[in-house]
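Here the structure comes first, spelled out in structure tokens, and everything after it is commentary.
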Amino acid sequence: MKLAVKYFGMIAEAIGKQEEQLEITGNSVLEVDVFLKNKYAKLEFLNYKFAVNQVLVDGIKRLKENDEIALLPPFAGG
Amino acid sequence: MKLAVKYFGMIAEAIGKQEEQLEITGNSVLEVDVFLKNKYAKLEFLNYKFAVNQVLVDGIKRLKENDEIALLPPFAGG
Amino acid sequence: MSEKKIKNVFVEGAITPLKIADAIAHHQIKTNIGAHDIFLGQVRADEINGKIVKAIDYSAYEEMANKVFDEIREAAFEKYDLTCAHIYHSKGIVKAGELCLFVFTSSKHRAMAFDATRYITEEIKAKAPIFGKEIFEDETHTWKVNK
Amino acid sequence: MSEKKIKNVFVEGAITPLKIADAIAHHQIKTNIGAHDIFLGQVRADEINGKIVKAIDYSAYEEMANKVFDEIREAAFEKYDLTCAHIYHSKGIVKAGELCLFVFTSSKHRAMAFDATRYITEEIKAKAPIFGKEIFEDETHTWKVNK
């Protein structure tokens, strides 16, 4: 399944990019997380949440083709 | 006893003056109040508190020569 | 008794947005501040018995009011961990839509500023000997009373 | 789904005192307002492991953040009886002493404005996907995390 993946803040810094298109096997957020941790070992040591199509989700959230998934480190607004 | 008496807001308006020097018999705020209500009948129908030398007081407060006593209608600051 | 200089809180007429900008700008050199909370009181064009308020003419027992403001500010510093606290109140005519009260507190973290500005505002409403003549469009008036 | 226009909350760089004055001035035609409460977030020159923060470089998931701000504003209007509610947040570099957040609510009476500004500020801190790179005087950095 093709997904648009976005990285922010310290995650973008650790991975060295802000976004990419990825072909991923599996269809839940949890499976995407495992996929990304295999691809980027540094993620193992970082703290983040997932948003799908700009809404915070948990690991059981199902994905569909062309969804936008974002890795969000701790917030610092204000 | 000579006192400086100050009137504010709707009290000043009702009495028609903002301050005056008065020679008053008695030495408590309560006695001053009775004195003033005799002098200005309109006070009977108005709501106010007393301050002596710029501090709110109750009726049993004792006065001394040349004290400043003020009649304060309800506050409207802010 | 100590000869403490009591600040004058009163401003002639309305408090302008520019005065507020100026007060904020003066705090930008204080780099230990993380949060400001500002309360502004604005004169409402209230309808009272079919008449519209066009302005409030504020008067005060100024010497006493300045002492009360000083005590309120001191109490706020004791209760809350503040960097700064400022209070300004109008005297004289303030038209509907214009500002009559400006309370401004600053702190390292937001909770203290929120608590302090609210505390100071409530204390002012309850304790400051300030009187407001609400002037209607037909030039008659009534006297405002804080709830 | 309705095609509601989502406001852009982000301002490039620091929020200026003049922008705040301007926002206040724009509310003086609303003569049903009696109270404004304004929260301002200011960047602190914190010391972290012996280094001094000289600026924060803010980035955000902007499309999501603007939606979150919109939801927070809508929720505030539902919870509190407000006349207006405005939110501005910086993106990019904001130096120590400069302002990065401006929350502004207005109501007929003070309690609603106090409650609403505090509610909105707490919600922003908890829910808005905004990230802050704290830049030290020696150009190294760390990442800010809201408590």
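Read from first to last, the chains carry the letters A, B, C and D; within each, the first residue is number 1.
We adopt the following convention: contacts are C-beta pairs under 8 Å (C-beta built on N, C-alpha and C of every residue); 3 or more make two chains touch, one makes a residue touch a chain.
Keep in mind that what you see is a predicted model, and the values were worked out from it rather than measured.
Under the contact definition stated at the top, the chains bordering both chain A and chain C are D. Centre-to-centre spacing of chain A and chain B amounts to 73 Å, using the average Cα coordinate of each chain.
Chain B and chain D have Cα centroids lying 49 Å from one another. Taking each chain's centre as the mean of its C-alpha atoms, chain B lies 26 Å from chain C.
For this pair, chain C with chain D, the centres built from the Cα atoms lie 23 Å apart. Each of the following residues of chain D touches two or more other chains: 41, 110, 121. In chain A, the residues that touch at least two other chains are 78. Chain pairs recorded as touching, per the definition above, are A-D, B-C, C-D.
Against chain B, in their complex, chain C makes its touches with residues 41, 56, 58-61, 63-65, 67, 89, 100-101, 121, 124-133, 143-146.
Listed in rising order, the residues of chain A touching chain D in the complex are 6, 8-10, 51, 54-55, 70, 72-78. Taken together, the chain D residues at the contact with chain C in this complex read 17-18, 20-22, 24-25, 27-45, 96-99, 106, 108, 110, 113-114, 117-118, 121.
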